[in-house]
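Both of the next two complexes hold chain A, though its partner changes from chain B to chain C.
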Partner chain A sequence: MKSLTLDHTSFWYPATASPALRDVSLDVAQGEIVALVGALGAGASTLLLVAADLAPRVIGGRLAGAVARRDRSGIVLPTPWTQTSGMAFTVWDEVAFGPANLGWPTHEIARQVDRALERLELVPLASRDPVTLSGGELQRVIIAAILAMDPGLVLFDEPAAELDGEGARTLWRLIRLLAKDGKAVLLATSALDALPDVADRVVWLENGAVRAVGTPDLLADVVVCDAGLGTSVATVWRAGGLPEPYPLTVADAVQRWR
Partner chain B sequence: MAVSPVLRLDGVSFSYGAVPALAAVSFAIAAGERVALVGRNGAGKSTLVRLVAGLERPDEGAVWVGDWDTRDCVPEQLARRIGSMFQHADQQLFASTVRDDVSFGPRALGVEEREVERRTDHALEDLDLTSHAAHHPYDLPPAFRKLAALAGALALEPTLLVLDEPTVGLDRALRARVTRALLARSAAGVALLVITHDLTFAAESLQRVLVLDRGRLACDERLAGLVGDASRLEPLGLVPPPVAALSAALDLPGRPVRGAEVARELARVARGRLAP
Partner chain C sequence: MTGARLHPFTLLAIAGALPALAWILPAPSGGTVTAAIGLTLAASRGLRRGLWPAVLTAAPFWLFLLLLHDVPTTIAIGLRITTMVASFVWLVAALEPARLVDAMVAAGWSASVAYLLAATLSAVRVLKARARRIVEAQRCRGLSPRGGIAARLRALRALALPLVLSALHEVDERALALETRGLVPGIRRTPLAPPPDPAVEQAARWALLLACLLALVRRFVVPRFT
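Right, the complex of A and B next:
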């Protein structure tokens, strides 16, 4: 079942002549993880804003084509410190803010908040004031706050940016679990090396348009490597002048090296 | 004659009220050294940077910036020796052009106007920002604002650059720009202390690593040795960068960790295998 469908979608920011998204057709199914990759300014963040129904509804601009959403969506922005409610003095209350605004009964709010805190390993921080947290801790709080609203479509913009290595690994595992629970996940990331283990499909955006779609193997493609979007292993393999096909991961490389 | 270090921490401890952040941390950094500061979220890295920049004072011990004890200095004075970039620096720009923002620091230090211009040009060029000099910072994407903030720190022409997560939000091409600029400054004698979770960037740019673990200094050693050793990274909450993991998995001679060196070794070993 499709959770999100973009059909020949273009989008223009307010007061701009050229579109930030050009004729994008893309869908994300329930239980699927789709990763958007591209150079800075390629349109990945814009696509997430459109998917979240924030563009043009909240930020203005103009949309052409069709966007169909089956599920309520939640978006995790790349700047967690801009996404706090500013009205909660504990992490627990911060995470409860969204569900409370959905008008749920108290016991349901508590159930969802406790579950989200557990999943993000935030239980020990539940009574801390959000303003005292480190960047990585706050990023996890925001992710918990979005998940506590139980969205069917989860949108992540650079979700691992503030996280340490272990925190990033935990997050990628959690994203796989979300998909297993049947949620549709659309994410934009520059953490290309994480994608072979995370994404079902990879979408390469260039100048606002879809340049290629494929499995994560796309990240070992010659053209993708030349665009600076290959995995580290594929990129270094190519730089060494070794023959194609390039290995995607360390494990692939070890196999090819034998 | 021993050269005095650019930065020295002597048994530094610091707490936020009852919450301890750093405990008895000691190390020194020499001119031109390139040092990574790594550790889990909440390990005390950003606190350490705030102490070095003089925004906090140690509860115990001392922070020396050259021959200045930070307890006797205000941050404005320390800015003559330290260029800092804090987390979320892309939100801390305030001038109406990138150029004005970058030149603000040296101008505020009372540097002579022609020298301000020279330093600003140099910093903008180092990060390929010259073509954005006349733009309003908030007309640029966050990644470019971050580069502008870094240019502002470079324009101070300090003896020590202290950078908190300089590559977050940058793509590979922009990370390479930062690496290039930092290597050039370090070659000219500037010491670097860089907080980063990005061990790939660290392996490309830096040579020594300090690991903070719950406020204590758990490691102080050559970066290439640590990033190539998954068994030691794991307990520190760190994940080996793929290029270093590749080098280790294929047992490349010398176990290089920088991309260009690994590529060279791959090519050399592969050629050797083909030779009769």
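Right, the complex of A and C next:
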């Protein structure tokens, strides 16, 4: 079942003549992970804001085309320090801020918060003051805060930007678990090497328009690699002048080499 | 008495009544009493967190008043301003924004209004944390916040500009984040831990209001009939 459908959607930011999104048609089903890739300014973050019903409702601008959302969405923005409530003196209270705003009963809030803290491995930090956390810890707190609101559609904008290698691996595992739970996930990321193991589909955006859609194998495509959006293995293979098709992952490269 | 465990409405009532009484009661005796109470309350939150910020914030006002007025007027207005400053500093130090939100929501206020009020109070804490990070970053680039007045002024400029600009820059993204975290008009927020509001504190709040009204009557109404 479709959680999000964009039908020939275009979006203009306030006081701009050219659209940031151009005629985008895309759907994300429950249990599916769709990754948006593209150069800076390609429109991935804008697409997430439209999907989250923040553009144009909150930030202004103009929308053309249709956007249908079946589930409540939650978006994780790239800078965690701007997403704290400013109201909480503990991580637990910070994560509970959103669920409390939904008017849930206290026991349900506690259940969701505890579950989110466990999933993000934040239980040892539950009583810490959020302003004392590192960037990576705070990023995990914000992800937990969004997940505690139990959104059906989860939107991530560069979710691994503040995380170290282990933190990023935990996050990718969690995203797969979210999809397994039936949540629809739409993520914009430049961590291309993670996508073969994480994403079900990859959408290549260029200048606000969809250039190509496919399985993660797309990240080993010659044209995609030429645009600088291939995985590291594909990019190295190409730089080495080795024959096409390019391998997507290290395992693919080893297999090809043999 | 530190005040931290009082109901947030009681803290607000005290912090509001003291400046009101300072301006209503005859000077300088009224202002002396309220300033003494205000500074005592501020000191109860600690020297660094309460008393020094109150004294240092009030001091420039005394200087300007002395330049503009005679000594009796300076003392009269200075004590009133000191009461206002000390009360506010004490309130910011004693009142947890989250408790205020819970108290207001439990009392039937809109969560958005409660957040607006509480965010104003919590801004001090958030800006202090950010200022600390900016100072650390400036230190890494060789700017020392210590030394003579000229060096400190240079450091202050290097702190103030990024602090203000970053706060303004983040407004848009913070608005999006709050929206996505459910803080929208018309919500019915669940108070996570509504603070207890004992009858004695409710009575104390009414007594403070009554005291302000009586002082007002004594100051402005009674003299007309005598």
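Assume the second predicted complex is superposed on the first by the 258 of 258 C-alpha atoms of A that agree within 3 Å, B and C clash if a C-alpha of one lies under 4 Å from a C-alpha of the other, contacts with A are read in each partner's own complex, and residues count from 1 in each chain.
To be clear about the criterion, a contact is a pair of C-beta atoms (placed from the backbone, for glycine too) under 8 Å apart; a residue touches a chain by one contact, two chains touch by 3 or more.
Everything numeric here is computed off the predicted structure, so don't read it as measured data.
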| item | value |
| --- | --- |
| Contacts of A:L163 with chain B and chain C, given as first, second, both or neither | first |
| Partner chain in contact with A:G74 - chain B first, chain C second, else both or neither | second |
| First (chain B), second (chain C), both or neither touched by A:L40 | first |
| Touched partner set for A:G135, first chain B, second chain C, both or neither | first |
| First (chain B), second (chain C), both or neither touched by A:T231 | first |
| Which superposed partner A:A52 touches (first chain B, second chain C, both, neither) | second |
| First (chain B), second (chain C), both or neither touched by A:G65 | neither |
| Set of chain A residues, in rising order, touched by both chain B and chain C | 79, 81 |
| Of chain B, residues touching chain A in the complex | 16, 19, 39-42, 46, 87-88, 91, 141-143, 165, 168-174, 197, 199-200, 233, 237-239, 241-243, 245-246, 249-250, 259-260, 262-267, 270 |
| In the complex with chain A, residue positions of chain C that touch it | 96-98, 101, 111, 115, 118-119, 122-123, 125-126, 129, 170, 172-184, 187-192 |
| Of all residues in chain A, those that touch chain C in their complex | 49, 52, 54, 58-59, 73-75, 77, 79, 81-89, 93, 96-106, 109, 131, 145-146, 149 |
| Chain B-touching residues of chain A, taken from the complex the two chains share | 39-41, 78-79, 81, 132-137, 158, 161-169, 190, 192-193, 228-229, 231-233, 235-237, 239-242, 249-250, 253-254, 257 |
